[in-house]
Amino acid sequence: MLALDNIHVNYGAIVALRGVSLNVRENELVALIGANGAGKSTALSTIAGVLKPAGGTIIFQGESIAGLAPEKIIRRGIAMIPETREIFSGLTVMENLLLGGYIRKDTVEFKRDLERMIDLFPILGERLNQAADTLSGGEQQQLAIARALMSHPKLLMLDEPSLGLAPTLVNHVFKLVARLHAEGMTILLVEQNVNQTLKICDRVYLLKMGQVAAQGLPENLREHVDVESVYLGDRIDAQ
Amino acid sequence: MSFGSFLQFLIDTLSLGSLYALMALGMVIVYGILRLVNFAYGEYIMVAGYTLFLLSQSPVPWLIMALLSVLAAVGASYLTERVAFRPVREQTVTAMLITSFAVSTLYQNAALLFISPRAKLVPLPDIFSKSIVFAGLVVPLRNILAIIVTFALLGFFALLLKRTIIGIALRAAADKFTMTRMLGIPANLVIGAAFAIHGLLAGVVALFWFGRIGSVTPGIGLAPLLVAFIATVIGGMRSLLGAVVGGYVLALINVAFNNLLTQNFLEYRDAFTFSLVILILLLRPEGLVRAR
Amino acid sequence: MISPADGHTPLTALVVQGITMDFVGLRALENVNLTLRQGEILGLIGPNGSGKTTMINVITGLLRPTAGRIQADGADITGKPPHKIAQTGVARTFQKVKLFRELTVFENVKVAAVSVGMPNRRAKEQAWVALEELGIEAWSGRIAGTLPYGHERKVEVARALAMNPKFILLDEPAAGMDEEESAALLQILTPIPEKKNLGMLIVDHDMNLIMRLCNRLHVLNYGKTIGEGTPEEVRRIPEVVEAYLGS
Amino acid sequence: MKDKPASTATRSHIITLLILLLPLIIIAAVTKLIGNVLFERVVITLFINLILVLGLQAFMGNSGILSFAHIGFMGIGAYASVLFSMAPQMKKLALPDLPLWLGHLQLPFLPSILIGAIIAALIAAVVSFPLMRLSDASAVITSFALLVVIHTILVHWKTVTNGPQTLFGVDRYTHLETSMCWAFIFIALAYWFKESSIGLQLRASRDEREAASTIGVNIILVRWQGFILSAFMAGLGGGLWAHFITSFSPKAFWLKETFVILSMLVIGGPNSVSGAVVGALLVTGAFEGLRGLENQINIAQILPVQLIGLTEIVLSLTMIVILIKRPLGIMGGREFR
């Protein structure tokens, strides 16, 4: 469904991605893990059209989408929830959701979608007419996910959805992602909570310094790669 | 203060403030999204004025002329964005500001070259020269009209921004521009809409502005531009409501100065109001109404 | 290992006491205590969003803490403007490199020496020393905005060193570098604290770099301290492992 | 080894200054040879423009902040210098309401112009300090507000400015040689400031405000020092201009002049002294050329209407194209070397 081939991205003079290739198949939940600064967010932003790749190809459903503007990418069916969530703070919850469904332009369907979101996130239903900046961190994360779902994406990209959330909410987010996946959504997930991520994903890519360092099924990755060393460094006494 | 003079004061403030509020609102709509203080804003009023003048020989009714001149202001605003601002959008705020200053000069001198340096009379409907007598006061009808039209427009824009998808998108874009694009709202649509509203408000203000002064010159845009500057700073540069409040507050200050200051001091009125601008930017950089 | 006793006397330190930093609806730091001694390398680590950069911003005066005190070398610097703090001997680098793009590399480094009050001639000397320290004197005439990335980082470190600081705070000096580059940086950084008698605080995600470079580590999660100690001690603390890998 | 780069730096500074001065000397010499009064006026205008552009460059180029107030300080320098240089008999005619001590006072040209510039600098020092913490749009609006305030006062303070009417009877001091000398001094001054430790800190704050403050730059202070110097240079330019044109009104220190001077800096490139010089040369040349063309066409009545504003149109279009295609101006922020 989505295939990145040899993608290079530069941030000014910084080389953020050095030839990343990965693919996501229909109905899969693929995770990107790796230490901070490994290039996970950069990869998502590049797919979403916020960053332009310096080289390589991105094919989505058989068509090249590399370098398209963000407003075009979402129309192809790729929705992204940024790490910072980017809730429109002065707008109400309802208005945020309305913009989420902007590309659909169908009032009947909008009502049905809205009901579905309220079903999925009851708390948002209670706060529809409240300004979004009055929501708590966890509620804002739910709103960000709901807003992305409003566009009926074929591929949903989540960048660190558990970031900054209290432990109980972290569990909630993972359950939610697992549920969306179970309902058939194709998902590309970036997470730093490795243990939880490996429990729910189908396949995983490990990024290290802008490159794919390992990939495979979660259990294989655990067996063949010392994941802990990626995050906590090699043991000095082992050297 | 007698009831009569109070009423006079109120109507003066409201009618002047209405124009100021519309000016400021148009300024803030663009500023909120692009961080651009557009020096060419006053020139859209000039464009509307010359359109009226050029149409004055034609047989069309005044309302059509008015409509066409407002459209001309919208066109000028949209065109400027397309040709001059879009290519420098990615650059610094200062580069955009200088561009707008250059555009302003360009418009003014185009008017000098292609029309005339001399003042040209603008056609006005009869209703603008009529007055009504109310509670012992003679009130020009155009002042009442200005108040009504402004309130109607403000209501219209409040609805537009609150209820329509493009209005909501405009508010969202002023908050987080990239995210609006990631939801599929084209950047150029939002910015184009902002500049269209920018021009529309300038065009409407132009009708009443010329209603007060009767003629158009190439340099006519400066005074309303200054008004928009001050009102936005007073009200808060990032808040739409603030702009409207700022407009009325500025009118209140001006009308009060007119009534209170002696002739000697009145000459320095601009110096006073602009010192006030500096003071507000220093003491309360966000203006009276804070952005949410 | 440098222990306080064999360090240079008199021993001075950057002391952070009970710092709390609130943003609207978010507590970024909560009652954090931290000490950076001259001559040592302290690693400040923690997952994304744990408050590391906020801590550096608070110490260098870019943010004013909600509560708590910061002392550098005995002087209270809490709430002082950034340039005053810099002049008391606290230098830093940025996560996203902030070079003066239109200035030459030499000017970038020299201006730091000038700004902390050195006369022109000394500032020039100081700038050369710092450039040589990082091995980039050959680039001195280049306009900073045209440098390749690895060198930008080095210029930023040289700029901080040119201030002749007592404390230097490095925010992700190895970000965006490959293994080779980051190893080379390690070579350069390791001897500096002892040689210049300064305290070095490093934030980085490259744990291999951190584990090798630092004498002590300080771990933050959700703005709170969850562990302190030598690298080996720290990676045995269960909270730290959980913070990094999840439960 | 360590001294070598320093001495090459000094040499390259000298080379830069020579490259900048040489064309001006040639222009002045050619003007002297031709001996055409009209041409000489154009060249003097060029030198004065150059001084004003350099004054603007000193602040705007180094700090990156657009200032509209500059031409206001030019106006202050112009009026203030005239108050000191004008003969008492003339003052009775031109400014009859002056206070007695001022009315009787007359100083030679040089001290008058210097005092005028110092007054401009002092006023700038007092009013601008609190403004120096503002950036971007706020900074631009306040500097614009400052221009309006200065302009309003010049227009209405009849006692010392003759109000909106033309102030006449100013003696001529600024000739080809004087203006050229001043231009030389100002090129050196602007260059020295840019390379000085204050200028260096100011340029650092222009490129990265946060980083500058964390290496110890007191941004408000260095901006303020730059602003005062800039106002001094503008004030001196104003004094020289007043004693060249010999009769003028506050209209001369308003948006039109602001536009012309700003366009020179933007087209040449604000970040370097070379940019300011190139901009002043090119724009003055083009401006006077187009003006001349406009006049020829109007006199010859080739067109049925009067041709006005063509010069500004060409200038503003050039400016917009430069801003789009080459935002750092022709010189791109570099010096000749």
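First chain written, first letter: the chains are A, B, C and D, and each begins at residue 1.
The rule is short, and it goes like this: contacts are C-beta pairs under 8 Å (C-beta built on N, C-alpha and C of every residue); 3 or more make two chains touch, one makes a residue touch a chain.
On a predicted model such as this, the values are computed, not experimentally measured, just so you know.
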**Q.** More contacts between chains, A-B or B-D
**A.** B-D
Q) Taking each chain's centre as its mean C-alpha position, how far apart are subunit A and subunit C in Å? A) 32
Q.
Centroid of subunit A to centroid of subunit B, CA atoms only: how many Å?
A. 43
Q. Subunit A to subunit D: how many Å between their CA centres?
A. 55
Q: List, in ascending order, every residue of subunit A touching at least 2 other chains.
A: 133
Q: For this assembly, give the contact graph shape among line, ring, star, complete and other.
A: ring
Q | Which pairs of chains touch, using the document's own definition | A | A-B, A-C, B-D, C-D
Q. In the complex formed with subunit A, which residues of subunit C make contact?
A. 25-26, 47-49, 97, 147-149, 152, 172, 175-179, 205-212, 222, 231-232, 235, 240-241, 244-247
Q) Considering the complex alone, what residue numbers of subunit D touch subunit C? A) 2, 5-6, 197, 200-201, 203-204, 206-208, 210-219, 271, 333
Q: Provide the residue numbers of subunit B that touch subunit A in the complex, in ascending order.
A: 165, 168-169, 171-172, 175-176, 178-187, 291-292
**Q.** Interface residues, subunit C side, partner subunit D - complex
**A.** 60-62, 81-83, 85-87, 91-92, 94, 98-103, 106-108, 110-112, 114-117, 120, 123-125, 128, 140, 159-160, 163
Q | Residue numbers on subunit A that touch subunit B, as the complex places them | A | 48-50, 69-71, 73-75, 79-80, 82, 86, 88-91, 95-96, 98-100, 102-103, 131, 133, 147, 151
